[in-house]
Amino acid sequence: MATKGFVISRLPGFNPIAGLVFAGLYLPIIILVIYSFNAGRSVASWEGFSLQWYTVAWENDAVKAATVRSLYLAASAAVISTFLATLAALGTTRRKAFGGQTFIYVMINQPLMVPEVVSAVALLIFFAMIKQATGYAGMGYLIAAHSAFCIPFAYLPIRARLEGMDMTLETAASDLYASTWQAFRFVTLPLLLPGIFAGMMLAFVTSLDDVVITVFVKSAGQDTLPTYMLGQIRRQVTAEINAISTVLLALTVLLLTLFVLLTRKKD
Amino acid sequence: MSPAEQAEITRSARNGWLLSAPALVVLTLAAIGPLAIVVAYSFMPAGEYGNVAWGFSLEAWQGILFTKDIFDGSLAWADANLTIFWRSVKLSVLTTVFAFIVGFPTAWFIATRPPKARAMWLFLITIPFWTNLLIRTFAITEIIRKEGLLNTILLKLHIISQPFEMIYTDMAVFIGMTYVYLPLMVLPLFASLDRFDMRLLEAAYDLYANPWQVLRRVIMPIVKPGIIAGSILVFVPSLGAYVTPRLLGGGKNMMIGNFIELQFGQGRNWPLGASLSVMLLIIVTGALLVYVRYANRETRNGH
Amino acid sequence: MTDSIAVEARHVVKAFGQGETAVRALDDVSVNIRTGEFFTLLGPSGCGKTTLLRLIAGFEMPSGGTILLEGADITTLPPNKRPVNTVFQSYALFPHLTVAQNVGFGLQMLGRPKAEVAATTARMLALVKLEALANRKTSQLSGGQQQRVALARALAPAPKVLLLDEPLSALDLKLRKEMQIELKRLQLETGITFIFVTHDQEEALTMSDRIGVMSAGKLQQVGTPKEIYNNPVNRFVASFIGESNFLPATREGDRYRLDCGATLAAPAAKSARVTLTVRPEQVRLAPVGEADAIPATITNLVYFGTDTHCHLSLSDGTEVVARLQSPATGDAGWGLGQAVALRFVPEAIQVLED
């Protein structure tokens, strides 16, 4: 700081509050990460650095199964919802407004508007009926539920990308003898890919993070990482949870960084 | 209009529907359709071992506010329910207000950074936003529980002699929800402030306004849509919160979300759970409609 | 140049919107564009010129009328089935492809063999002098270079007609002048029919074989640049191309009486009430008292370097502008408020029958 004169955009007290907010947001997370390396059991005292809780988590079959299930579920939901969202985004952008367009928007964004607990209850009831009728109790319910509530998350970046795209590019393609399919394959799709990947990433993270709907929908023995953790936290807290949280946190940060890189506007 | 033009418009609309159809089918089956069943369940009598019995009954709706005396069938206010509703509304409002009080300066701070730094600070808000809600709530638990970090430090510093009970109180839920939903306040506020024309500050100061007047009379009226969006984004999930009150409020300090779950678990009163869900849905939809109407009016006025 | 017709528009109508709010962007436009000519559609923004171009390209369907390409009806043919290519105002270069891939795109879509695509691409890049940049991404090019890529890309499939939608509007003045010459050269070299859309009258006058002047969805006049400039058919054309003075007059035998009372000779007309138009450079100033001259007062003098615009007022208040060549040294000798006499060369007067 050279001089401490009047800065037009500074409002008294705002910067200290912002500083406290950032500290407050990160301190608990940082402490959680630090204590995942604690040699002792408790968060109350630091007993030296150790990776033992990561080993404990790694060797815990329940954690392993939940991890595999979480990744399988998130990957399925991300692929399905991104595919559906891409089609829907192509259907609802860059064409003359048509009857029912608002209805489609509301439908797609509905999972963002309804409280999670309500959706969860609704799915619990509905899937209980189907279970009773068909006897099927597999992962299909979770995949269907996750695919549905991931659609708006995948849809938003894809739609943003499409709307930011110069429509004359496709006009130019058709002017240069490309059929509708060729224009899509050689012009629209390559330009849309970053948006599709970004959408898939958000869908993946969203599915990976979900607790409420999964808790209500899952059958016995279908714990995902978050529902396993929820159960553990209720029972007894061990630093094992810190270790799992840290890994999940790292995964989220990694995916988000990729997302930011993909959607960054070129200068 | 020529037939060719008409055909073009028809084709475009048809393709729009066809492309959206697969997503709509999945959403209908696994998101919206089931809501209709919830509405139906709320008008049925409870089954003996959970689920519902077939038939029509308004008992579940009545059960939201009243309890029926087992012996003489007289109605009385369901105090337990009312306490839960009151706590839900109180904590949600407090969370929203406090999130605004600290979130606005934060959004302003980010919006007034130079472009490169701005992206970095924004990213720092986005990380908690996307981090598992369970992990974030758990991080708070670690700090405020009885054997948690806060008590340990205070004890070691001899500020307190007994660990004080913070977790499993309304205060804990309030702190947790503010912590968890704060990014939802900051992000829309930032989006509004980012578009704010900083030259207006120069104009306001030039016309003898003091910083408080600049804030109250210039900045806040202009970013009002962002304030409303942020408030609704915090209020809605707070009201329906499930994980945070469950971990930080414990069994006693329930909110509506936990109360609903209870009806499908030990409570074995699915219709009541359904009617409570529908009630929550109506409140949330109402809040969203108010916002949409407000946002539309703002756009029409050219703000 | 042959007299065969490349593009023919017959009674073309294009309406946007429906019912009472519908706007007629094109209102019964008919025009013949000859094979091999440089034809310019000139008009202010919103006059319908770009709409006509987009209908010829097939990007939009007309609300009525027919469009023929070399005698064949192409009105409802999709753009990828028309041997017509467009140079877009925004260039619309594919950002994910290289310069060469952009240029070869059309031929590739037509399923031409790889060798032919490569050869034609190389030839086109040579034509626009961009061989060195073949493997660059289009985002790394300057505005002028992007313009050349857009041209090469549209010319590569050897279209029957090349449509150019204000392609020079994004360039700065110097580059625009260069590209005007370049475009004319390309047109002569390739012999392809060019339909060029612009709102810049100078661009139209310097480059075109023929110009179609458009206003309010209607074609006002079609003719060579000279015809358009010297014999505008109506007030719009006269005022849009170059500057003009408009003098309301009444016919009295073979002479015309201006509203200020003075009479003068001009070409014959049928109507009794007419408007005489005369270009500012055709107005001469003379000392008061000269015979057959119109008395006027100087209200303003604006210095432009090579010439000076002299604003005059006739006795009835009609405004006239005279463009006087600035003398090499000193002052022309005219002053504000000075009473003078105006003279028009009779051949320079156009009579518009309102």
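For clarity, chains are labelled A, B and C in written order, and residue numbers in each chain start from 1.
One rule holds in what follows: a residue touches a chain if its C-beta (ideal position, glycine included) is under 8 Å from a C-beta of that chain, and two chains touch if they have at least 3 such contacts.
Since this is a predicted model, take the numbers as computed values, not measurements.
Colleague: Higher C-beta contact count, B-C or A-C?
Modeller: More contacting C-beta pairs are found at A-C.
Colleague: Relative to the centroid of every protein C-alpha atom displayed, which chain's own C-alpha centroid is closest?
Modeller: A
Colleague: How many Å are there between the centre of chain A and the centre of chain B, using C-alpha atoms for each centre?
Modeller: So the centroids are 18 Å from each other.
Colleague: On a C-alpha centroid basis, what's the spacing between chain B and chain C, in Å?
Modeller: So the centre of chain B lies 60 Å away from the centre of chain C.
Colleague: So the centre of each chain is just the mean of its C-alpha atoms; given that, what is the distance between chain A and chain C in Å?
Modeller: 55
Colleague: Taking the complex as given, what residues does chain A use to touch chain C?
Modeller: Within the complex, chain A contacts chain C at residues 166, 168-169, 171-179, 182, 186-187, 190-191, 266.
Colleague: Going by the contact rule at the top, pick out the chain B residues touching chain C in the complex.
Modeller: So the residues of chain B touching chain C come out as 1-2, 4-5, 8.
Colleague: Chain B touches which residues of chain C in the complex?
Modeller: For chain C paired with chain B, touching residues are 15, 18, 61-64, 75-76.
Colleague: Please name which positions on chain A make contact with chain B in the complex.
Modeller: Residues 8-15, 17-18, 20-22, 24-26, 28-29, 31-32, 35, 42-45, 80, 83-85, 87-88, 90-92, 95-96, 98-101, 104, 107-108, 110-111, 113-126, 128-129, 144-145, 147-149, 151, 155, 205, 208-209, 211-212, 216, 226, 229-230, 233-234, 237, 241-242, 245, 248-249, 252-253, 256, 260 of chain A touch chain B in their complex.
Colleague: Okay, in this complex, where on chain B does chain A touch?
Modeller: 9, 12-13, 15-20, 22-24, 26-35, 37-38, 41, 51, 102-103, 105-106, 108-110, 112, 121, 123-128, 130-136, 138-143, 145, 147-149, 151-152, 179, 182-183, 186, 198, 201-202, 205, 211, 214-215, 236-237, 239-240, 242-243, 247, 256-257, 260-261, 264, 270, 273-274, 277, 280-281, 284-285, 288
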